[in-house]
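Here come two complexes built around chain A, the first alongside chain B, the second alongside chain C.
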Partner chain A sequence: MARDEQELQPRSDLTLGELDRDGAILEAVEQVSGETRAAFLGKAAVGGAALLGALAAPPIGQASAASDVAILNYALTLEYLQAAFYTETERLDAVGGELKRVPRQLGAVERAHVAAIKKALGRAAVKRPAFNFRGVTEDQSKFLKTAVAFEDLGAAAYKAQAARIKSPALLAAAISIHSVEARHAAWMRFLAGVTPAAAAFDEGKPISEVRAIVASTHFVVARPKTRARKKPKYGG
Partner chain B sequence: MSDELPLEVLPPSGDDPRGSSRSEFVARAVLAGGTLAAGGAVVAALPRLAASAPSPAQDQKILNFALQLEYIEAAFYAEAFAKGKFSGDLREYVSVVRRHEQAHVAFLKRALGSKARKEPEFSFGDATSDPRKFTAAAISLEENVIAAYNGQAANLTKATLAAAAKIVSVEARHAGWIRAIANKNPAPAATDQPKTAAEVQAYVNRTGFVRSS
Partner chain C sequence: MTANGERRQRTLARAVGLGLAAIAAAALAVLISSPSTSSSHAIQQAPALPASPEPALRVPSPVRLRGSVGVAQWASVRYGVSVRASASSRARIVTRLGSATPEGTTNIVLVLRRARDRGGRLWVRVRLPVLPIGSTGWVPRQALGVYGVVETHLVIDLERLTATLLRNERPILRAPIGVGRAEWPTPKGEFYIRNMLTRYRSPFYGPLAFGTSARSSVLTDWPGGGFVGIHGTDAPELLPGRVSHGCIRLRNQDILELGRLMPVGTPVTIR
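After this line comes the complex of A and B, so read on.
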């Protein structure tokens, strides 16, 4: 079944149920504030999920360029980081006011990205690392600064990979995630009181530079010695 | 080809596999394109089907389509800035974003050289002076431009794609910014849906902003 063909069409007839068999996106979506689940599905999520679904069909492991697998795994590590950051902040319930809805909304989106990329990679997906956010998920001001940095970084990271992706279907999905990261960056900057769009052209950041920035945060830590027997429901 | 575009060039990325999926995607743009009014010729000239491997010639058509959109944005914000009716967040938004759109126009014109289409005349009415109408128009313009660039990404040569990606995320920042000002969710979906050129052109026609081309 030529699902990837259908999913490249802007007006996909695919339902979320087809794309989201394990319910990961739906679960994330349910936590989005201000929208009922039905309204969110009717408007936003189906549109977004249809493109994410293009990542998943056919599974990238088959007949995909090794470089595309590597790029997706690189994207997955960044999405793990973002998803974990927002999910932990939401769980700790440490931000309020204007920021109250941010961890919930951005967490839902980043978890949807994680779920879609993991599904696309299948067994080739890298494992979720362990994180230690060193207090930034518990402090309003640190949270916001970190969010600005993460979203600018996410947009720059996707941008630098766009022209390296070989599969047109993957490119369509990745570029559609890329602009969402840029929206997030603008939103976080607006809330932080810095200009949401600092230049007429956004530059990409190569993998080495992104890795160095992530490493400098020390947010990614060695895996815990004890392992949970059950995997978390989604990688957030 | 002689009409190589003067864009930043990446190292050669090797082969460039493509499937029928993209062709179909493009075909939709072409099919609807012929029936459109202002700008329809450009849409109709956009990539054709199976023969539509990314090429400098195809890049040129796509960039000319993008140039039309950037002309509209640049003129829209320039007029709003000139009228000077806004204050606070909106005023700051207009003064920053107008410069970005002017830079995008200049970039595309330089890339296209003598092939660049001419700037049309516009009629924005009170969308450049009434804050509510301005905000609604700005949101829909930015959203459609994002969808237009995203929709053409896989049709571009890799070098041009790399350049276009630097523009589309700035448009996405604008969309996030103006939506935040309007107290709307700046990023309501997990992905930004692409639109075909025909869909975007239909939107442009509906706005009535373009008087001639």
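After this line comes the complex of A and C, so read on.
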């Protein structure tokens, strides 16, 4: 077998959990000190709650089905995650070489997805969660692995929801985003040396699975408290 | 052969030739079209299908970042951590950072740069809310949490007694201020906004107060550690002037406007 073929061995699936078996993404988490496991898990639960909140949004007008709004908010939460990931990487300017243009190009697209979905949801849109990427945005190798996992996850999440979408107009919009996520996934897989499209058919990922994968990263965290209702104690 | 016979033979030959050509053309047409006969039929039928629905939302053009001019980064402190003089766990301890401020908000630090130690561990150099003024130090990345980005910068001019808020290095607000008296001077240097306090009952501080990382080098025993605040006032007639214990006072309408425009994490230059 040629060397190129060996390097591009087909993979049936590539989840964040699989990628993280070598500890690449959660390395920083494992090194955490000065914090109890219970406290850490408590913070992880906040991330899970944020995603659950995204699935429980109230319906908006225009006769949209409540489930369509929930699906749109679910998509928005994933888009927030992707957009924040690439935006932070671009801001930190910590990846170079052939990856240099990745956060700039993909970030611009994911931010456009966020803007479009937020506009469609209006006041029913869930708020942007806070993210702690735990150094992944500052490490070339971890960044690429996470990008592969996020793009695969995004494509699989949209795919799984397609059959549940009631509005044909919303389905058309979701498909138009899904194909872009799939292109991103193929590009990231190619850069990572993984076959872009190994299978003839792709499986979708249900919400429960996507939520578990995202929660396992501990990237979604409680928003820092920067405001308080407290009398100042400054010198005056 | 007679002339008539030759003409008849040429006509026959032409007719045979045309016939063969027609048969060949027909055969070629069949050969070309036969593999996709059903597809052609389906495509011809396509106009009869209903029109595709208009997508419920339009994804606009990719949204580029606005650039890095005047952009600063801050980070929350996840847990109490020793701050080192350099990016190494063996380096001298400069101070210790807690995860909360005296006001009960999340402690944040301004991010200055990053480096890895020999073991590949990521460290972040941060601006510190401690004396002496201008202190910086290194903390492991894992001790920090959320990264925030601000595009604003507040400049306090102690000579002209003005506060100027910049966004992407362009002024968007300028206001007269009150600063520390000669015996309680407002410290000069580079600092940042740590938190915002609202809805307290104290006319002296006005409707809103920002906590900064700046500390008075004179009033070190002040409750809370002598941090310099930026707040409103119940005596606007004293502004501009050198009237405070080191804090920066603004008229209430100005501090409210600053509260609308200036996020926590904004760098502050006092000069």
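To be clear about the criterion, the second predicted complex is superposed on the first by the 165 of 236 C-alpha atoms of A that agree within 3 Å, B and C clash if a C-alpha of one lies under 4 Å from a C-alpha of the other, contacts with A are read in each partner's own complex, and residues count from 1 in each chain.
Note that in this section contacts are C-beta pairs under 8 Å (C-beta built on N, C-alpha and C of every residue); 3 or more make two chains touch, one makes a residue touch a chain.
Values in this document were obtained by computation on a predicted structure and should not be read as measured data.
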Touched partner set for A:Ala169, first chain B, second chain C, both or neither: both
Touching partner for A:Val221 - first (chain B), second (chain C), both, neither: second
Which of chain B and chain C A:Trp187 touches, first, second, both or neither: first
Contacts of A:Val109 with chain B and chain C, given as first, second, both or neither: both
Which superposed partner A:Leu76 touches (first chain B, second chain C, both, neither): neither
Which superposed partner A:Phe201 touches (first chain B, second chain C, both, neither): first
Which superposed partner A:Ala155 touches (first chain B, second chain C, both, neither): first
Touched partner set for A:Ala120, first chain B, second chain C, both or neither: second
Partner chain(s) touched by A:His178 [first = chain B, second = chain C, both, neither]: first
Set intersection of chain A contacts, chain C complex versus chain B complex: 34, 105, 108-109, 112-113, 116, 167-169, 171-173, 176-177, 180
Chain C partner contacts - residues on chain A that touch it in the complex: 28, 31-35, 87-88, 90-92, 94, 104-105, 107-109, 111-113, 115-117, 119-120, 130-135, 137-139, 167-173, 176-177, 180, 221, 223-236
Residues of chain C defined as touching chain A within the complex: 52-65, 68, 71, 73, 76, 78-81, 102-106, 108, 114, 121-122, 141-143, 145-149, 180, 184, 195-202, 204-205, 209, 211, 216, 219, 222-224, 226-229, 231, 244-247, 264-265
Complex interface listing, chain A residues touching chain B: 2, 4-5, 8-10, 25, 34, 43-45, 47-52, 65, 105-106, 108-109, 112-113, 116, 155, 159, 162-164, 166-169, 171-173, 175-187, 190-191, 195-197, 199-204
Residue numbers on chain B that touch chain A, as the complex places them: 10, 13, 15-22, 24-25, 28, 96-97, 99-100, 103-104, 107, 146-147, 149-151, 153-154, 158-159, 161-162, 165-177, 179-181, 185-196, 199
